[in-house]
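This is the structure I have questions about; it appears just below.
Chain IDs A, B, C and D follow the sequence of writing; residue 1 opens each chain.
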Amino acid sequence: MIGWYIFFLFLALLILLSAVGVVVMRHPVYSALSLLFNLCVTAVMYLALMGAPFIAMIQVIVYAGAIVVFFLFVLMLMNLKRGEYEDKMGPWRIVLGIGAFLIFLLQVIALSGKWKGWVHPGSRGVGIGEISRLLFTRYVLPFELVSLLIFVAAVGAVALAKKRL
Amino acid sequence: MGIGVFPYIVLSVLVFLLGALGLMIRRNAIVMFLCLELMLNGVNIMFVALSRRMCSAEGQVIVLFVMAVAAAEAAIGMAVITAFYRVRGGVDVDRAQLMKW
Amino acid sequence: MMGGVAYPMLTVVTFFPLIGVLVLLFIDKESKNLIRWVAFITTVIEFILSMPLYFRFHLGTYHYQFVERIPWIKILGASYHLGVDGISLFLVLLTTFLTMLSILASWSIEKHVKEYMISFLLLETTMIGVFCALDMLLFYLFWEAMLVPMYLLIGVWGGPRRVYAAIKFFLYTMAGSVLMLVSIIFLYYHHYKVTGELSFSLIKLLATPVPAVVAPWLFLAFALAFAIKVPMFPFHTWLPDAHVEAPTAGSVILAGVLLKMGTYGFIRFCMPFFPHASLRFTGLFLVLAVISIIYGALVALVQDDMKKLVAYTSVSHLGLVMLGMFALTLQSVTGGLLQMVNHGISTGALFLLVGMAYDRRHTRLIKDYGGIARVMPIYSAFFLIATLSSIGLPGLNGFVGEFLALVGTFKSHPVFGALGATTSVLSACYMLWLVKRVFYHEITVTENLSLKDLGFREVVICLMFSIPMFWIGIYPKPVLKRMEPSVAHFIAQVKGEAAMAIEHSPQAKEKMSLAAYLVEERKVEVRP
Amino acid sequence: MKLWVLGAVFIPLLGAAVNGIFLWITKKKAHLIAVPALFASCICSLVVLSKVLGGAHADFDLYLWIPVGKFVVPVGFLIDELSAVMLATVSFVAAWIHLYSIGYMEHETPRGYAKYFCWLNLFTFFMLLLVSANNFLLMFVGWEGVGLCSYLLIGYWYEKASAANAGMKAFVTTRLGDLGFMIGLFAIYKYYGSLMFANVFSHASILSSSLITVITLLLFVGAVGKSAQFPLYVWLPDAMEGPTPVSSLIHAATMVTAGVYMVARCHALYNLAPFSAEIVASIGAFTALFAATIALVNNDLKRVLAYSTISQLGYMFIGVGVGVYAAGIFHLFTHAFFKGLMFLTAGSVMHVLHGELNMQKMGGLIKKMPITGWTFVVGALAISGIPPFSGFWSKDEILAGAFFHGHPVVWIVGTFTAFLTAFYMFRLIFLTFFGKPRDAHLYEMAHESPPVMTIPLIVLAIGSALAGFFALGPHGGIVGFLNKTLGETVAHGKEAAGVGHLLLIISVAMGVLGIALAYSMYIRRVPDPVVMARTLRPIYTLLYNKYYVDEVYFAFIINPLVGGSRYVLWKFMDVAIIDGVVNGIGRLCRLVGSGVRQFQTGYIPDYVWMILVGAVVIYWIGILF
């Protein structure tokens, strides 16, 4: 039990640290790498702690492997110079941002009493079979729609990014 | 494994809020996108955790959809940013205020 | 009560223009003539499709006919419910008729022809939908949907101040219809509370009376929406702007059909829903109607712009319709209803004719014309016919409606009837003064010397307009017979069954003057 | 019978339709359709009249026109003595005037020519419909229809500003009267429950006398407008801008008498409303005198005739007002002949003098155009009441009726007007046809008109001379015949023959005196009219300017109405106030918007901030409220 707690705290720490990294890194590429790390650790957590191997897999393949890498590609394509990528973050904005962060956090903490007692009922993970069954029965329409969405997005991306169609 | 859902929820909220914080204080469009992904990831954690708690696969299905949408969004977003970069010569969102008022 | 027909007539009539839209979508936007012809043929077929409504209409019943009812949004209790009765029948026919001629009159549009025609066909669908819908949600949907194509027609193809006019039109109408939506929702929940059934059906909602405390407020909310549309006196200022800026065909539809939606709303929804409130506010509306009649006429008298003049005459004429409706006698309401149709025809014709002059000279100011009867005799002849129809000359359509509305009003409210009758003098003043300044005298502006008279297409339009003018003027019986049962039912709804029973009971006949009794006999005698 | 009536009424409509639709084909041949149509109609009318003489009556419906509930109005015709006489008079005079028009309008453009005949036919149709309708509403159709045709025909030369204005003035003024008529119809329907003549008149007495008075007064307002009585007479002199045959047909013989016909038709109501009848007679008498005085000094050939028409219409209203309806209609009948005739002769003069109307420039024309001149003299003798010409008979009937029905003042006014009438008519004759030519150029131009114009003159002159003898037929002649419908059976002549003869002599003496004075003034020049005009300058100016009635109407009614509409209703009320409020609301929204949009910075970070804080705030709002 304690072991699991320590494992969780370790992973959570990594996740939070990398998340902070995404936010504070000066160079976008570092931010992106930080996000990559964050996603991977989350995948580990899915796999090891939360019994969701399929999502973990997808997280690595799609999120980390495709999306973030895609970000990196774009960054490299743009090849931002120093001064171009640097943010000139005004102190006010930082103060306000952190303020909002804290307010929201406090609010969540204030409301968290409801979930405190929620204990994991069992260790039965959800298999890929269950997911696919749902996907192709109850969620088949959203599923198809999402595929359409991605298709449209692909076409749209081409249309937007090309200099001249 | 039996550590309950609460820690995951706290984690999820923190990740989500960190992403939001990034959105608030950064002005580089690409980094803002990354923060957006971070927020989505925070939400995903919540979904998976609750899916576990409910013994139901539906949360995970939603996560799949979120990822798909994230992918679509990233594609479009990056296309917009490249186009924007080409026009404005930078990825600073402060330059994008044509729609302001 | 299906009209004994094999196919869903109303659905076909309502949505047929969309087929035309579909065809238009596949036509290259550069082939303008093809687009025009496709649109025109669509509306012609549409008009032909709507004719069976007239011929298969059952006389002697106030029930809705050609009814179609399919559950639509079950969770809300909304259904796709269409039907026409004597009140809406002629408005549907008027819509298909005017749209057909409007398209024919739009040949001179050169800008974005395809989009123009598509807007027009969409407009037609929504307008017919408004008149056919018997489900409040469906009605509201069509009612609001209609704004969009009209907004585009004014805002894109209009005159120099089109954007101002379009926005004014849109916002004015929206302001009213939002309040109406609130009322509809209240009725819906009230019905749910009383019967436990979720339904937007007009008939079911009508069967659930509203508590007397809220009824006046709901009535006023409905009335505001419709009064703006009519438009009645203090809410009329969108009309001149919208008319002046709208393209010719847009004005025709605006005056011919859209304004009727206001009066139609009163007679179909506002007054039957809240009979007590209607009776309570009768005085207010009669006063406003009389003000509209006289005020509209006087302001029309002094306009310098032909289109604006005709626009203000609409205020005056629709005031007469409102007067007839609120006077609540069989003759006055029937007259008001007929006057709605007449106004659509005669004012529509006037707008078209003004548009034809505008196409030639690109000005609508009266002072730029003068003496054109010499160079455009055919045009003048048709203009004169439209004018006479508009001022209610006996033998043309305007007279029948006007006289019925006024004679009925006089029966229940003599003072208002007499005041309303001034329209006959005032309308002669403003229209004949217009005719005099535009057509008579010698030609003073040299550009007018070379004006071309109407071409074949334009003559066809004018002839088409003249037919119903003469028909309704000389033999209005078929029209009146179709309207009468529904009007009688409407009056019974508003005045309460009791009032109606007295009027029709045999004992009441004895109380009637002997002369009236003789008329009654005469009527029975000549009935086919 | 039915067929003859329908033929009489609808054949002119057919002619109008053919000429109207095939304007481009008939052109200068339009009269080949229009004139035969009218003669056919005339024959039908005469057949109808002969059948009515034989005692036949008819009241039939062609079809149901407007049926709504109890409001049932058919297109139906009522043929009795009154309408048969009217039918015959109208179609007879109209037929000859149509014939005359062929000559008068020969110089018009082909299109104008066909248009003219179309309208003239249409006019006749409406007039015949008016007199033969069996209900008020159909009568009103004819009533308005003749107004329309009058408007169109007055404005026939629309390029002339005065003609265009006159047409509009005529239409609007008569519509003002029609407003009263219409309200009268509403009242009839409201209180009698029907608009059928048969129903209303047979139950006339079910209403209280005050209601009938109101109804009859309202109807009379219509008659005042249509028959050009004071104060709505102003349109008729201006209507002389139309072609002269039109003035003759519409503004002398037929349309303007519609009011008289209407009052006679409603005699059942007027009999029950003595006050209204009083008003009718008073207005008639006043108008007769008033218009005659204006005619004394006018120099325009046609306008003198126009004022004379107004004056004579006044006589007719005296007749129907004092209760001798048949006499009123009899005067209508004779007046149609002699006034139609005089207008046609005036037209003949105008035709050869190329539109010249100023009698001060004429003189001695009788040598150049004897037929025109002498027929005019016949007409003038008739109107002056010189026996045995027709006017004598009918005028005498009216004046005797006024005297014996207890209206001595009306009688005095009427008799004095007879003197004025004779005077101004012979002033006109002496200035125009006799004496020395005052304009050599015009005199040179003059010649007799073609036969197509002179034949109608001769026919109508015979009518003017002899129509009066209808009064002498068996059973009280035409008066007795009309009285079968109009119900006044007491022949006043019998009860006071001696007084009757005295009255007769007085009125004839008045006529002779008028002629003599005119002769002395305009031929002998004693007293010289020019000197008289100078000595009586204020009166002369007042008369010459027609009592400034037009000016008063403009200053006190029309201009305030137009100005008030423009500046108060439109510019102030509509544009400033209502639109001001509307645009003000719009501006207010924009003002609020421009304040609120400060939050809309366009920076995504700000939006994120607002979402986060906003979520918290909304949560607490939900908790607290």
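The working rule: contacts are C-beta pairs under 8 Å (C-beta built on N, C-alpha and C of every residue); 3 or more make two chains touch, one makes a residue touch a chain.
What you are looking at is a predicted structure, and each value in this text was computed from that prediction instead of being measured.
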The larger set of C-beta contacts, choosing between C-D and A-B, lies at A-B
Here the gap between subunit A and subunit B, centre to centre from mean Cα coordinates and rounded to Å, is 6
CA centroids of subunit C and subunit D: separation to the nearest Å works out as 36
Averaging C-alpha coordinates per chain, one finds the centres of subunit B and subunit C separated by a number of Å equal to 54
CA centroids of subunit A and subunit D: separation to the nearest Å works out as 94
In subunit D, the residues touching two or more other chains are 605, 608-609, 612
Expected list for subunit A, residues touching two or more other chains, is 93, 96-97, 100-101, 104
Inter-chain touches occur between A-B, A-D, B-D, C-D
Listed in rising order, subunit C residues that touch subunit D in their complex are 168, 171-172, 234, 236-238, 295, 298-299, 301-303, 330-331, 334-335, 371, 373-374, 377, 388, 393-395, 399-400, 403-404, 406-408, 410-411, 414, 417-418, 421-422, 424-425, 428-429, 432-433, 436, 439-442, 474-477, 480-481, 484, 488, 512-520, 522-523, 526
Given the complex, residues on subunit A that touch subunit B span 1, 4-5, 8, 12, 15-16, 19-20, 22-23, 25, 28, 31-32, 35, 38-39, 42, 45-46, 49-52, 54-55, 58-59, 62-63, 66-68, 70-71, 74-75, 77-78, 80, 84-89, 93-94, 96-98, 100-101, 104-105, 108, 112, 115-126, 130-131, 133-135, 139, 142-143, 146-147, 149-150, 152-154, 156-161, 163
Within the complex, subunit A is touched by subunit D residues 605, 608-609, 612-613, 615-616, 619
So, in the complex, the side of subunit A touching subunit D is made of residues 93, 96-97, 100-101, 103-104, 107
Per the touch rule, the subunit D residues reaching subunit C in their complex are 61, 63-72, 74, 111, 137, 140-141, 143-145, 148, 151, 155, 158-159, 161, 163-165, 167-168, 171-172, 175-176, 178-179, 182-183, 185-187, 189-194, 196, 199-200, 202-203, 206, 561-562, 564-566, 569-570, 573-574, 578-579, 582, 586
